[in-house]
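Two complexes are shown next, each including subunit A; its partner changes from subunit B in the first to subunit C in the second.
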Partner chain A sequence: MLQFLSSKKAAPWLFLSPVILFAAVFFVLPVVFAAYISLTTWDSLSPPRWMGLKNYQYLFATDPIFWKTVWQTLYFALGTLVLGVPLALVLAYALSRARLQGVWRVVYTLPMVTNIVAVAFIFTFLLRPTDGLLNRLLDLLGLPGPGWLTDPSLAMLSAILVFVWMELGRNMLLFSAGLNSIDQSYYEAASMDGAGAWSLFRRITIPLLKPTILFVVITNFISGMSYFTLMLVLFPGTQGGPSRAALTTGQYMYQMAFEDLRLGRASAVSYVLFALVFVATLVQLRLMRRGGLEEH
Partner chain B sequence: MARRIWSVAKYALLILGAALMLLPFLDMLLGALRTPAERLARPPVYWPRDPQWGNFVRVFDELPMLRWLTNSLVVTGTITLLQMLTSAMAGYALAKFQFRGRLNVFRFVVGAQMFPFFIFLIPWFFILRYVPLLGGNDWTGTGGAGLLNSYAALVLPFAVTWYGIFLMRQFFLTIPDELLDAARMDGAGEFFIFFRIALPLVGSGLATLGIFVFLYHWNEVLWTMTVTRTAPDLQTVPVGIYLLRGAFEQEATKSLQQAAIFVSVIPVIVVFLALQRYYVASVTSGSVKG
Partner chain C sequence: MTRRLTGLLAACSSLGLAAGAASAQDAKTIQVATHYTGEQAAPLQACFDAYEAEHPGITIEHQQTAYGDFLQTILTSRVGGTAPDIYNVYSVWVPQLAAAGVLEPPPAEIAEFINANYSPATVGAATIGGQLWGIPTELSIYALVYNKALLQQAGYDAPPKTWAELREIAQAITTTNDQGNIDVGGYAYGTTVAEGVHPFYAQMFAAGVPPFAEDGRSTNLTSPEAIRILSDQAALFQDGITSNEIVVDNFASNAVGMQISANWNKFGWQEAFGEEFGNTVGIAPIPTDGPGGTMLYSFLWAVDATSEAKPEAWDLLRFLNTPQEGGLTCTGQMMQGMGSFSGHNADLEQMTAGADDFDRAYVEEVTSGRAVTQPNIWQASEVDRILRGYIDQAWSGSMTAEEALTAADAEIQAILDEQP
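Right after this comes the complex of A and B.
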């Protein structure tokens, strides 16, 4: 027995055994458990009652909030893309051609390593309506300062801006890695032909960086769809911001589960959101393969 | 001419961006240094005239900051070591052994990465709650709180990282098989080969994974908050600060809250500055080759 355990044949399975045990308890079991619970009504106090697909039916056909959260989730995910990705690309491009790269990189990645509670509280103070830094600055310019976190029409935009601030460093690191892998001789050749900075950027950088851009766009989209911790801590004590204006599907699921104890319906929400994210992931794989990124 | 403009513009851009990155931190620091009177003045004072550096000491006297820091260190340290060990072992098995089922295991590891975290929140909570025979539970899993009110609840669900296995496999692939086979010829056992020969060769890979995991889990809030809402003794720094927000409703007390937030950021910044080379590698290694 001992001889077998130390043989080359048993070794890979012994090395894999912690992971296999983990996969059974914390991966397969939860996925199956959540799927089953989503077909029941369950408050964790009494045994679950079988409901079939009624939870899903309720979400799709009856629940007025669910669809609102789906649209708001899409708004958040797309908003962070539209504002965050071009900004990160331009800054990474400037960074790749500047001195003191290490210093810039540290500055831009600081928000990324800051915990989300600190980020949320930093901005809660910074965005305060009367004495927050932002509205003080607007006041100096003679502009009226809105209630960034209290006005329902601005709450989600504020969350998007905070998220962009937080994730800028990560996207810049990814773009920098992509930019560094572009052969400098392309730029030299084009410069000899008299190309300016802008046309170098547009005709060489953008096309050669396409795989990286695609990767950044799609991973950002997926994480944006799944994300809600920031909104949870940025609007504490509310149901997802003023008038639920910053309520995303993930947070809707979280509150349904851990505040209302509607665990069956919450599990159904998590599976619907998972399906949406999964479709996005498949699109990612398809696009990447076409974009020449066989690795993934 | 255009070139001159660009070289000025790129620095202007970088400086403007850097200011936007740093200003919020500065705003928080100034807030932590204000006196209660400065906060309550109308209009409120922005630049503290009498900086209250003592607030950073009060954070340790008046809040359970040491408890939170200890919890953060214990939980994050354990998770980091566990993930490094399980990822290295599994990555090694997948990279350096030929065995039946290897491809399927690898597919599982890659596929599992597609499952978003939120899927597991509800089932993990109740699996830990109703685990049989532990934490006062009987064999049917009822009667007690299960593992919920323990470090195990914070650590076990994060004992393995699929991404880490994938990453470590990549690093182990660079080790030549001949080296390992030579050790086998000399009669070395498989565990000896792994721990004494293979593992030291992927040291930088392990560091890359370790720093990434450490920073990620130091900052983890969602799961910890869910599990420790009713267990203050287990709360980590960010979660403790968040759940104690009710104690800072009064405007006069908010300088202390801001000081606590500042303290919560310092440890990661130190770790990050010390090991940022590895951190940069960990962020970009999942993306584009090269």
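Right after this comes the complex of A and C.
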């Protein structure tokens, strides 16, 4: 035994063992336990009772809220991608050619380091229908003042806009790093061949930035699919905004588990959510896998 | 020599162990979990100190957990084997906690103590299926709260008695800004589950129809009274008398004319209105065309079934709920400090004697027997959440009151059918 432990074969495993142990206890075990729990009914107070696939059947066939939350979650995740990623890319590109880059980076990354509760509170005041700054400005222009956080048709859009503002700095930093890694000689060569600014952006920046874009899109999508912190603070005390209009699957799962004590059903929701994120990520990888210099 | 020394050491250690065992047997720590802050629980802490002085060997620890996290904390502590000995729990959590064996039923002498010192409605809040589970504490009662100044400005000297009158007065109070948003709402609801569901239940009791059957196995949500109540509520939204923008929290800034709220808001309103509190905040029975009534809910002191200090825990609770010098119980002292009521008859009597109009109006709802206990039904918080979702649908106009309550009834019935 001692001989095996001191052998070269065992060395990597010995060095890796703390990480493996950590992953087994804090990742594999909970995942397997959640899979088992999703097939039971369990309130954490009494022993779980075996249910088979009934939790999944309830979610797919009976629960009137689950699919609503899935669509709303997709709307949030895709909305933040569609608005946030191009905006961050364009700003990062503009900043890479601007003076005082450090100052601009600080300005745009400040929201990222600001506490989310503070951010939500500020936006709650800005977006208040009667005396909020935004509606006061709209009033000066003679425009109506919608209930940004109280109208069910606008609640999720408001959450998307606040989230995009919050995450803009992080995405910009990632794109800036990606832009800095593109060799300037490509731009010089293309310019000498007569390429304009738009051509440079479309034919050099975008293709060579594909790995960064892929990373930003996937990580934003995954975090968007399981996100609900902002909604908790932006719509306090509600069940996910007015008429549940900003209720995401993550928050619904939380309510099921810790307010209704339906931990089995909540585990089933987590597995369905995982499946959705997994499939969507595979699709994104398939669509955007090739990119960067390797493509050329 | 060595043998002698060993013997001496063994004897010493035996003595030490025996002494330690004896002291461990006598010394007990009772952990009391509540959602009250240190400031709110100060009178309670003084009583803990007094009890400790009278009972050498007993140590009392107060664990404060935010109300929103209280149930989760109980669950986590139970799973981790570190459950407190005494909980202050919301009565609607009791069915599940009791079914899961978390709570210890009170011994016969404590049950007698409760029945002798608390009103039937209050005892009902701590009872599920005929079984008493603890000592009632904080009593929350619903009534119509109105802003006297706003009513007077609109030309009304008295609060409404029927819903039609309420609607008329609310319409007269409501003002909007240039953008059409409500500046001052005639009537308001709130954003939380309770702020939507509890006024609805209270209105149902006032209409003479309880929201749930007495055995807690079916609902009365599709009754004509329930549909009419929700339909009338929805009409306030559709006619611009209230909206999601004007909520019960705006009452403190003179932006709401009327709302159905519980007495525990008093402290906040006193802070907001200061010396004008008495001249501004009026309390009246819930307007209705029915026989009248309202809803009350209670928290209760309960003991954990796995506690190793059950007799000591019940004894402490009896002490905390027995009138002290000055007439109030320890629980009553804490409640009075917060502007709330304790369910103990002696506390209510004492509180009524020195009460202002606000307190007197709420206590009157209990002592007159008009206030009915919120039903401690199965999965109550989930049921309330479902109902709130459908009430929202009716308010927003995406469902009629009948459609919303029929759908709510179907979902809630499925949950009630799960109970043992």
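As a convention for this text, the second predicted complex is superposed on the first by the 253 of 296 C-alpha atoms of A that agree within 3 Å, B and C clash if a C-alpha of one lies under 4 Å from a C-alpha of the other, contacts with A are read in each partner's own complex, and residues count from 1 in each chain.
The criterion applied here is as follows: contacts are C-beta pairs under 8 Å (C-beta built on N, C-alpha and C of every residue); 3 or more make two chains touch, one makes a residue touch a chain.
This structure is a prediction, so every number in the text was calculated from the model and none was measured.
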Subunit B and subunit C placed together on subunit A: clash or fit? clash
Of the two partner chains, subunit B (first) and subunit C (second), which one does A:G147 touch, if any: first, second, both, or neither? second
Looking at the overlay, what does A:S44 touch: subunit B (first), subunit C (second), both, or neither?
both
* Touching A:P242 in the superposition: subunit B (first), subunit C (second), both, neither? -> second
First (subunit B), second (subunit C), both or neither: which does A:I65 touch? second
For this session: State whether A:P86 touches subunit B only (first), subunit C only (second), both chains, or neither.
Result: neither
Requested in this report: Would you check which partner chain A:P207 touches, where first means subunit B only, second means subunit C only, and both and neither mean what they say?
Outcome: neither
Note to self: I'd like to know which partner A:F258 touches here: subunit B for first, subunit C for second, both or neither.
What the structure shows: both
Between subunit B and subunit C, more residues of subunit A are touched by B
Clashing with subunit C: of 129-137, 201-209, 237-245 or 273-281, the subunit B stretch 129-137
Subunit B and subunit C footprints on subunit A meet at residues 44, 130, 236, 258
The subunit B residues in contact with subunit A across the complex are 2-3, 6, 9-11, 13-14, 17-18, 20-25, 27-28, 31, 43-44, 46, 85-86, 89-90, 92-94, 97, 99, 102, 105, 108, 112, 114-127, 129, 156-157, 159-160, 165, 184, 189-191, 194, 215, 218-219, 221-222, 226, 237-239, 241-242, 245, 254, 257-258, 261-262, 264-265, 268-269, 272-273, 276, 279-280, 283-284, 287-290
Subunit C partner, complex, touching residues on subunit A are 43-46, 64-65, 128-130, 135, 138-139, 143-145, 147, 150-152, 235-239, 242-244, 255, 258-262
Per the touch rule, the subunit A residues reaching subunit B in their complex are 6-9, 11-16, 18-19, 22-23, 25-27, 29-31, 33-34, 37, 44, 90-91, 93-95, 97-98, 104-111, 113-118, 121-123, 125-126, 130-131, 133, 136, 165, 168-170, 173-174, 176-178, 181, 196-197, 211-212, 215-216, 219, 222, 226, 228-229, 232-233, 236, 250, 253-254, 257-258, 263, 266-267, 270-271, 273-274, 277-278, 281, 293, 295
As the complex stands, subunit C meets subunit A at residues 71-72, 75, 78-79, 96-97, 99-102, 177-183, 190-193, 195, 243-245, 379, 381-382, 385, 388-389, 392-393, 396, 398, 407, 411
